[in-house]
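Next up: the structures, one after another.
Below, subunit A partners subunit B and then partners subunit C, in two separate complexes.
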Partner chain A sequence: MGTLVIENVVAGYGSGPNILKGLSLTVESGKAYCIIGPNGAGKSTLIKVIAGLLKPREGKISFKGEDITQLRADQVLQRGLCYVPSDRSLFPDMTVKENLRMGGYVMRDSRLVDQRIDELFAMFPILKEKSSQMAKTLSGGQQQLASIARAMVLKPEMIMLDEPSLGLSPKVVQQIFGTITSLRDQGLTILLVEQNARKGLQIADVGVVLDLGTNSFEAPACDVLNDPRIQELYLGKRHQDVAAEECK
Partner chain B sequence: MIQIIQILILGIALGGVYALMSSGMTLIFGVMRIVNLAHSAFIVLAAYLAFFVFKTFNIDPILSMVITMPAMFLVGIVYYRLVFASRADNPRFSDLTVLITFATGLVIEGVLAFIFTGIYRSTTPTYAKTSLNIGPFFIPESQLYALIISVLLIVSLWLFMRYTRIGNAIRATMQNRNAAQVVGVNVRWISTLSFGIGLAMAGAAGSLLSFVFTFYPAKHIAWIGMIMCLVVLGGMGSLVGALVSSFLLATAAAYVNFYLGAAWSPITFYLSLFLILLFRPQGLFGKKVEG
Partner chain C sequence: MALLEIKGLNKSFGGIQAVSDCNISVEQGKITSLIGPNGAGKTTVFNLVTGLLSPDSGEILFEGKKINHLQPHQITRMGISRTFQITRDLQEMTVLENMIVQSQVHGFWDMFGSSMLKEEEERAMDLLSFVGITHLAHEKSKNLSYGQKKLMEFASVLMSEPKLLMLDEPAGGVNPTLLESIIDRIIDLNKKGVTILIVEHNMELVMKISDPVICMAYGTVLAQGSPKDIQDNQQVLEAYLGE
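And then the complex of A and B:
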């Protein structure tokens, strides 16, 4: 019994070809999943379909036993499933605080939103410090934090992150992954799409390899990390110089 | 000296109406990336509506805003849903809207000419003919009222955008459409609503214009050029920009009008458009377009 069950999902954009070709995946509550795969495998598409931003052509998605396949994005959010897009999409000419308020857009109760924002400021002091600055003035790492915090305003049960390390320096990537790890330790279900496969798999419980729109491989993250084929394809390691990867 | 201040007063008075005329257009562009070339035609349509209720029911043109604003709001919603909603994902959407709205403007012009003929019209409430004198200065009463109401409407729109939940959703959609969807804003609904609000502003402008200027069906061609200049100068999508550029250009045009003659006054607008595109193409308050 998983929290999020994806069954035979087929999806694509406009009148274009299918990107996802009958993908199935079960995400269990409280675990961290890392999806890796080459460009064009459908990683981001999968997240958009789950978030309700793209309607699947076929298949079914259910969250905590409820069918959410046809729900709008705001309805999916209200059910506790949040999404952090890959481009750190903030509202550039709104302050950090206004950005977080927009995170609570579907909540309607503005006092509750402000209360949540205060809790998040305690969790991310740097955002509190910058709370009245325009989002566009933040550094890349701070923007990523703000983007994660914005998704956390709704107190989600599950959070989906699309390439949180994209375009960030290694040091900042380290911090962002530290944040994701602490969210995992708080019991949040995490679905992480990551180009930086090693980093992603190191903090995940389960590794999922997507290829050509289907789920080609799913195993405990540690096993995926130490699988010789994966190492050669995604971790840039030659088969002979394999040393055991550090993992969770 | 007295003359210089007098011209300033008249320029500012007109600036308010110009700002109202351009506010709707800049909102519609900002939220939906629709270049609404029919905006001035909708303003002329609303002016005729104000003219019609003035002649038929003797309703004061200022009061007629309670009719023109909701009427144009509805027109906006229906127009957006019928024409634009299904095309919003088209990668060349903005290009498309230029042609579609231009055609719409011509259709409105044709229908108005058919119903009202091409005769110059204006509404003539009692205050359209009187002026207020303050010391050595005067201001036509009609322009004073139009200025006050325009500024009130724009400030209300600004407050609405700034402090309400829906207003924030509109601003969010303007700044980052994808992120707005991610946080659960129904972008399609917000777009429809914004188009309605934009045309409601056009409706208000039509009511006020009806006693400030004379108008005829083809007048929208002259006005759209002016409005485009104001919107581009202010920065497309910026409400504050439209307001500032309206006051700037209206005043500048008033001086040009006085010292060089009325024939040169429209040049003020086009010359400033030319200069701004040359030196600061994103406009005074606009955002640089990336990529």
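And then the complex of A and C:
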């Protein structure tokens, strides 16, 4: 049974063309999905539609059996679906702790928010260390962690991450992917969009190829990594020799 | 011969020393990569070279001439072009218009003249076709995705014909297959005599096409050498590469 069911979604911006052209995808609870595809395929648009930031023109999205297609972003959050945008969007002049509090903005019980923040500080000690520093003084990797932690304040069931490795050094990328893996191991459902496609697929259960606004291929991540056609079209064909041994 | 030479460069923001006694030499005709942890000062070096920031002290020489206190447009006119990590596009203009304003011969003000020149438009369309976004030529740039903006910016810096091309994270957010054709294009440009300086976290790109590789940390150069030297350098492994 799917936790999140996307059916024939059509979406675009303003009066512009359709970016998503009838996309359907079922996301099963507790698994990690990695969405790959060319620039402009509609990967980020898909996440925005699920998060309630962009209303689809057609189609239906349901989460745990409930139709969430027409819900506002804050209502989607309250149902346990969180979003970590690619630009991190921290409030630069607020402290790390204040940024995390903003993550709990839709929660009514402020004591519960503080309790969640303490739990997250235990999970991400570096954020505790920097808790009273302005977000803009953090390094890129620390900002990404803070952005993930902010989404985690609501104790979501599912977290959507849009290119979490963007602009980060190799060592920090390893740490971020390690963090994502540990979230999955805690039972969270993960929907990951990555251009660092091979790394993303290596930590995922399911690989989804999105092209021309539709779901063109879906398979266990390991099979996607090793499919010669996918390698040529989306993973960079010159690397086919290295993919085989790197599966999860 | 060094096309670009940075000597004893310093820059601080408030109490933070972003660039500290930094010495970098970019040799004519080579592809040089600048790597290092987030916050090492790589982008600040780019901003200092292109005149967006002025240094607290130190010298920046291009073709032997001091360019420290020149304005960004003067530096561009001398033959230095760059891209940005976070793209800076003219949001309300179309992709094609964004390309044409980069053209050195005619430039921004001729946009208000009769029309863009046919050959400029052809060149722009050729470059857009190379990065695979011809279909977006008449779209306002604000409607592009992050990756598409990166591609537009990469195409647009090729409109002028720079002597030194500085690329700030060209691989970030770009699909791996397309990245390979961008790599080919960078190599092509280099063969035509364009000197290239790249800031990048994608080690496949860095190790494949550049020599030398310079690793910065804490605002200064930590190590410099061939890709192999850098990959084996213990300090670089600890500070940056991991594993």
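We take it that the second predicted complex is superposed on the first by the 241 of 248 C-alpha atoms of A that agree within 3 Å, B and C clash if a C-alpha of one lies under 4 Å from a C-alpha of the other, contacts with A are read in each partner's own complex, and residues count from 1 in each chain.
Keep this in mind: a contact is a pair of C-beta atoms (placed from the backbone, for glycine too) under 8 Å apart; a residue touches a chain by one contact, two chains touch by 3 or more.
Treat the numbers as computed from the prediction; the structure is a model and nothing was measured.
Contacts of A:D74 after superposition on the shared chain: subunit B is touched, whereas subunit C is not.
Within the superposed three-chain model, A:R150 lies in touch with subunit B and out of touch with subunit C [touch as defined at top]. Put subunit B and subunit C next to each other and count what each touches on subunit A; the higher total goes to C. In the superposed pair of complexes, A:Q195 makes contact with subunit C only, with no contact to subunit B.
By the touch criterion defined above, A:S89 reaches subunit B but does not reach subunit C.
In the superposition on chain A, A:L168 makes contact with subunit C only, not with subunit B. In the superposed model, A:R111 makes contact with neither subunit B nor subunit C.
Common to the subunit B-facing and subunit C-facing surfaces of subunit A are residues 14, 87. On subunit A, the positions that touch subunit C within their shared complex are 13-14, 16, 36-40, 44-45, 86-87, 139-141, 163, 166-174, 195, 197-198, 232-239. Taken together, the subunit C residues at the contact with subunit A in this complex read 35-39, 85-86, 132-133, 136, 139, 143-148, 150-151, 169, 172-180, 201, 203-204, 239-243.
Residues of subunit A that touch subunit B in their complex: 14, 51, 53, 72-74, 77-78, 83, 85, 87, 89-94, 98, 101-103, 105-106, 108, 110, 150. Touching subunit A in their complex are the following residues of subunit B: 89, 165, 168-169, 171-172, 175-176, 178-186, 287.
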